[in-house]
Amino acid sequence: MQSELVQKYLREDRLPHIWCPGCGHGVIMHAVIRAIDNLKLDPEKVCIVSGIGCSSRASGYMNFNTLHTTHGRALAFATGVKMSQPDLHVIVLTGDGDTSAIGGNHLIHAARRNIDITTITFNNNIYGMTGGQYSPTTPYMDFGTTAPYGNIDNSFDLCDLAKGAGASYVGRATAYHAVQLAKIIESAISNKGFSFVEAVSSCPTYYGRKNKKGDAVNMMKTLKDMYVDIKIAEKKPELADGKIIFGELYNNPQDEYTDKYQKIIDMLKKEN
Amino acid sequence: MQSELVQKYLREDRLPHIWCPGCGHGVIMHAVIRAIDNLKLDPEKVCIVSGIGCSSRASGYMNFNTLHTTHGRALAFATGVKMSQPDLHVIVLTGDGDTSAIGGNHLIHAARRNIDITTITFNNNIYGMTGGQYSPTTPYMDFGTTAPYGNIDNSFDLCDLAKGAGASYVGRATAYHAVQLAKIIESAISNKGFSFVEAVSSCPTYYGRKNKKGDAVNMMKTLKDMYVDIKIAEKKPELADGKIIFGELYNNPQDEYTDKYQKIIDMLKKEN
Amino acid sequence: MSKKYEIRLTGSGGQGLILAGIILADASLMQGINAIQSQSYGPEARGGASKAEVIISTEEINYPKVQQCDLLLCLTQKSYNEYIATLKNDGILVVDDSIEMTEISSATIYRLPILQTANEELKKPMVANIISLGAITKILNLVKEEMVLKAVLNRVPPGTDLINTTAFNKGVSLIK
Amino acid sequence: MSKKYEIRLTGSGGQGLILAGIILADASLMQGINAIQSQSYGPEARGGASKAEVIISTEEINYPKVQQCDLLLCLTQKSYNEYIATLKNDGILVVDDSIEMTEISSATIYRLPILQTANEELKKPMVANIISLGAITKILNLVKEEMVLKAVLNRVPPGTDLINTTAFNKGVSLIK
Amino acid sequence: MNKNIKLLQGNEACVEGALAAGMEFFAGYPITPSTEIAEISAQKLPAIGGHFIQMEDEIAGMAATLGGSLTGKKSMTATSGPGFSLKQENIGYGCIAEIPCVIVNVQRGGPSTGLPTSPAQSDIMQAKWGTHGDHPVIALYPNSVQEIFTTTVDAFNMAEKYRTPVILLLDEIIGHMREKIDLSIVDSLEIIDRKRPSCTPEEYKAYQADEDLIPPMADFGSGYRYHVTGLMHDETGFPSNNSKVAHQLMHRLMDKIDKNVEDIVKYEEYMLEDAEIAFVAFGATSRAAKEAIDNLRKKGIKIGLFRPITIWPSPQKQLLALSEKVNTIIVAEMNMGQYTYEVERIAAKNCNVEFYGRVDGQPINPDELMKFAEEVLL
Amino acid sequence: MNKNIKLLQGNEACVEGALAAGMEFFAGYPITPSTEIAEISAQKLPAIGGHFIQMEDEIAGMAATLGGSLTGKKSMTATSGPGFSLKQENIGYGCIAEIPCVIVNVQRGGPSTGLPTSPAQSDIMQAKWGTHGDHPVIALYPNSVQEIFTTTVDAFNMAEKYRTPVILLLDEIIGHMREKIDLSIVDSLEIIDRKRPSCTPEEYKAYQADEDLIPPMADFGSGYRYHVTGLMHDETGFPSNNSKVAHQLMHRLMDKIDKNVEDIVKYEEYMLEDAEIAFVAFGATSRAAKEAIDNLRKKGIKIGLFRPITIWPSPQKQLLALSEKVNTIIVAEMNMGQYTYEVERIAAKNCNVEFYGRVDGQPINPDELMKFAEEVLL
Amino acid sequence: MGMPKKVFVNKEWCKGCGICVAFCPKNVLELKNGLIDIARPEDCIKCGQCELRCPDYAIFLKEAPENE
Amino acid sequence: MGMPKKVFVNKEWCKGCGICVAFCPKNVLELKNGLIDIARPEDCIKCGQCELRCPDYAIFLKEAPENE
């Protein structure tokens, strides 16, 4: 027996999922379906696209039109889907490595075009699927199997990157802040344009173990402690000291790409 | 007979270059050698890396260690050069398409690492080499052969993109503002870290013709009119109205990547 | 009787010779004669010598590239120097009269004031291609003049019909 | 006389069976006996049944994968169910005594309180692998106990020598 | 003049063929000598309500093309060597996920940037082996503007019929030349659309093949929710590590092509009836071969041409038959002997196989082929 | 115990071999089942003053590897199928620009993401044909941990000697298994370094080959300024469209390999003296074949193994000789018959060529090979 | 109005991560043999924290007749 | 101190874009048959604008004996 939401939106026969005990990815996927449910989207018109990684396995569990692509290319496939069939709600579920390492170019270009795709990056600060190599979001001097002496790369702030590249909606929340996360995903999907959500996850198996972050419960608590709601931070900045802000970070609706293309089509129709 | 600078730094036997009459690229390459000359860099220790495009042909004309790579990959090759031989001054000369379309990912990652490479993008707002397709910097609703009804893509501000990704030095100047351009390139090379220079060029052959921008002389004049020095803009903002700012846009030195790696090497040496 | 002409039009980048080639091919098709047009790409396409090729034939055309020219047009010294060797011994050479020629024995040579006509008489340097076309049409005497003129008018920008018609006729009249 | 054992160690993801396999291979090499160790990768590696293989042989080993087990260790019900069929008819089965077994006729069976010893006696669940290793060493009677123990101490984290020695000896003593 | 007779460039004919076949989506990235295909698509697609997008690179171009096809739109991309290399990973994805689409490669001189504006035929083997792992391949190679049009239609038809990416090989010569095309054939073209499910969404298993080995394919958004993955998968489309499942999928993917070779293989035979020696050539080179043959025939040499239009799967049966008939096969190609490998494999047990090639950016011309054939005959 | 005897994983032995050969730079991107090679390089390189970098993707990994080699550092990258596909464009660059380096591909099940943790041998043809355009290829494929070590050294040596990228093929089985290695050979290894210019910088023409067809290569920064390009180029290294130049360069690139086949081709023969039937197999499968042979021999069947260690260029001479000796060659490979094409091409005129394959993620085991051989014999 | 809610578990999906146990404000839950167990159902206040946080959808609230 | 400077041209490299002509503050330069020509050398003030702006390095100032 399952919860109604799970029955409605997930492929029960594909569960339990492959994620490790306590992995934050499951919580994030739950938030995604709550957001979809709240928005009352027609499931037939929802297309979930993912790349390759633990996080990207999400597409297989979700009962929509689902597309599990190649590593890093989710947004490029998604762009083809959206461009050729603009009436679909296209949602990309991806990992930090998938979106921002190998897939970084597709991220900035989809953002630049402001094409109506919602990208949700499950950011666990590591490559989980391949066993714990550092990713572009691994914090400075943290460890990964390919950073045995500490990671000397600066890490991306994915939200800044997406905003800088042109996303018209940007938000962040963590697997701990699951209620807020669902809300942000809801707003992101509602934005007609390119929306980016950093969903901070936790990987107790690799990132946690390599960096002595304790067990899954501990890592959830760390998320609670490390992140502060932007609304609180705005009211009481002292509470945000040394913490990372989450919430709706940017919301600036702009003309959407497929809409603009439609105008060309309409113009040519008139001409003929 | 040639000017001394040309004799000293260019491969005379490869000239005249393939660029069209009045193409801004030649002016920019001139600024690069003036900057190198002012800095008195040892030419043996300078490595120029480029991708593919009209602009990327620059490497072949410059009398240094020169590497003309594949389309979009100049920064990835350059990273290998710099990482394996940190005492080289690595300068990447590239086009807007080369750096920011196919090469966008390498740009943001090189910037993120703050590896000591100076990237100079010859931005002519078009793919010149392939005959005038729109690029990620083609202004909104301008024309390209693949944008016959006007370009609906938003264009990147390359300087913002580089800065957002982590570049520690960012500057811009135009082929018209050739003196300032050389100065900015000089500062960029001096910065130990990732430096990005947008060198605004002009392509009378494709961009100019497609968009009715007049002849080469006209396009040079347009650069003069459209861009304003940041120092002037700061003093008299009204002069900057509707114009694009050039100059040193960001200068924030940070620990450099190969230096940080050297510390690991040194640490391990001590341990043994 | 089957007739086949391999024609190479050479000059500099901006002279519109590719268009001339296309027009000649167009006209041939209109008249039911086979034609293939091709051109050289590459850095040379940016200034420097430019080359357009047309093969017209009453039979099927297999190999699409010009091997040895039956007719060679040269509008610049540079292109003349580069391509003169590709002309058949008994071929036809059409050169602008500004070009200094080396000795050629057996070719039929038409040395015509094409550029001068365009620049000075018509004051439109860009119609040199159409003038050339007129001359070539007349020389070949295979595709009908009215077909070529029709093809010209199909391809040139609107509003330039008159000048191009004039240019074409000028070209025709340069021959004899 | 040539001897070759194909050994498969099965259980769940976190039980350290791959390490056990490596240690056994290590010890074999120390004694001049050939050994190859391999393991299954894949989603199964994350929880679920886990499998490590070791082939040890006094001769050269060609095929590196276990085909039919001479000795099968099962520490969980799941792994028992999955791999029991791969045991040779006359093979050796070492199972934890928490496992419910189906009928097996011809195999030599050692039903041992491995997990219990680890959990309750030694209060260190993670040494179940070393206990198993002790038992297997004793059963096989090919690689010397001291070699295996030495190999254990080479591979385990510093500061855990004592507990692992105890565990190994416990394992040895489980046999008879 | 017949209104249907036009002078078209090869690349242009490719777009016209694609539109005639029902193309509604094009995603690509410019590269010489294929760029006109993108440019003309950009111009024509919105006029019919279709969509064109210039992606950030070729990888994205390939990905978007596959994405477009999943929504039910016939999709195409076009490129040349360097871009074809970049597309390889996602071509493999298209093969295993069985997503119909057409990938045009207008070949130029390689390797690497090579001779970017010169013709070559040196991606023949890459078309078959470019992506990792075994996978089904259909690659077609026309030799005239007219045939570019019809073969582009064939490419779409085969892609749709067999649910697989189809590679359309051109070369710089035929892509850029302008030639006569008779568009009156448009009315009589057979256009094939992918088989869509006839069952209910509940019954639909996205990768359950019918007897013809092809699973019906539902458009994303059409009421059949299903999963698409590049992992090995079972009939439902969901990933599986089961070795039987993997075996079945791999064999079905290959069989759906292999068992339909008769339908897929297209070729032309020219003057082979009494030939003692035969050229095997395709694309621009086959036109040089024809001219050479015409000339050699005049000299009384019994020579002909076998021209594979379907390059992959290779016309194995026909080549074998040819090898039993002639003494020598000369494979002429603008490369260092790629298809020659395949012809040798099939034919070398029966006849002499010679290779004539060029990799200097120049087309192979009739004269050199005549000379070579005459030398071989000595 | 001999201190030099160690239990090493295949991937580990690859790194040890690389270090023994002089590797100083590694740039890559993680992918199963090759990741350990990156991980161990990350750990070991800085300790010897070398450099490791994890790039943003495999394209960048390949590019950086080539960049590293240009500064004179022996450089390596490692990947598996999907990453190998992505590296193809820049592999072609390495070939035409003649930049020595080693590219390891630890093969897993394809196409696409396929069976990412299962073994396969299905990138055999991609190793030769994966990039566009004709290009020289050396690909080596060891079958034991010991041999992974020595073959990695060979790979570096050949890369340096012939100034070309060398592909080292492994498979998941041998990459991940742990086996005995005797490191005492380290002292007796022959290590080859690229030929550097002996002339003055003024005289140096970067692509002017010596009689051995190899141009001396100067390190960037060492006082010889020169130009490197992926365009067709002349002896000076600068681009040229001249067809003679192109012809010469292409033929020299191929000849430098073809004319040294004797040196490059390595192989093992096992029980072939009196064999009437022979397996051709490599990597993990060759080990199954050996075991099958031992068993079949016991039954009195005259069977042996030919194991190419150098996969490309293929040991054509040896395979031809084999085909003249045996009645049947069975090519056994974990794919759908890739090397079989090559063996057929060479051998089919002389003997029967059979293929035995698997693409289900399972290793080919000795039993099935025995059964197959026995069936073939019937 | 629906029936009152009750907490349910699906042991087949539970991976024993302990997150629900840790975040249950009323200490209702426990791990038993490494899997979730509703140790003190009577203390449950139906706050839904367990459902919200379980990464495996193995625990959730659902309407159910009071004494099922 | 060096010799006085003079403006030089390299016609082989000049592509006749006219940029130097347009930006010469003293109107020293002209295009002749599509190539650069120093029409009024006597007016040259050695400002170097032509050298700075020529995309083809076809015009530049160089020290030279006054009456070369």
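List of remarks:
For reference, chains read A, B, C, D, E, F, G and H in written order, and residue numbers begin at 1 within each chain.
Everything that follows uses one rule, which is that a contact is a pair of C-beta atoms (placed from the backbone, for glycine too) under 8 Å apart; a residue touches a chain by one contact, two chains touch by 3 or more.
No experiment lies behind these values; they were computed from the predicted model shown.
Counted as hops between touching chains, the shortest connection from chain B to chain G is 2. Shared contact partners of chain F and chain G comprise A. Averaged Cα coordinates give chain G a centre that lies 86 Å from the centre of chain H.
If each chain is reduced to the centroid of its CA atoms, chain D and chain F end up 36 Å from each other. Each chain gets one centre point, the mean of its Cα atoms, and the points for chain B and chain E are 39 Å apart.
Residue positions 42-43, 47 of chain D each touch two or more of the other chains.
Residues of chain G found to touch two or more other chains are 15. Shown for chain F are the residues in touch with two or more other chains, namely 32, 46, 56-57, 59, 82, 89, 93, 112-113, 116-118, 229-231, 241. Taken together, the chain E residues at the contact with chain B in this complex read 29-32, 35, 38-39, 42-43, 46, 52, 54, 56-58, 82, 112-113. Residue ranges on chain B touching chain F, taken from their complex, read 11, 14, 43-45, 47, 49, 52, 59-60, 63-70, 73, 76-85, 87-88, 105-106, 109, 261, 264-265, 268-269, 272.
Looking at the complex, you find that chain B touches chain E at residues 52, 70-72, 101-102, 104, 127, 129-131, 133-134, 136, 145-149.
Partner chain F is touched in their complex by these residues of chain D: 22, 25-26, 29-32, 34-43, 45, 61-65, 67.
Chain contact summary for the complex, chain F toward chain E: residues 59, 81-82, 84-86, 88-89, 92-93, 95-97, 107, 109-118, 120, 122-123, 125-126, 128-135, 229-232, 241, 243-244, 246-247, 250-251, 254, 335-336, 338, 341-342, 344-345, 348-349, 358-362.
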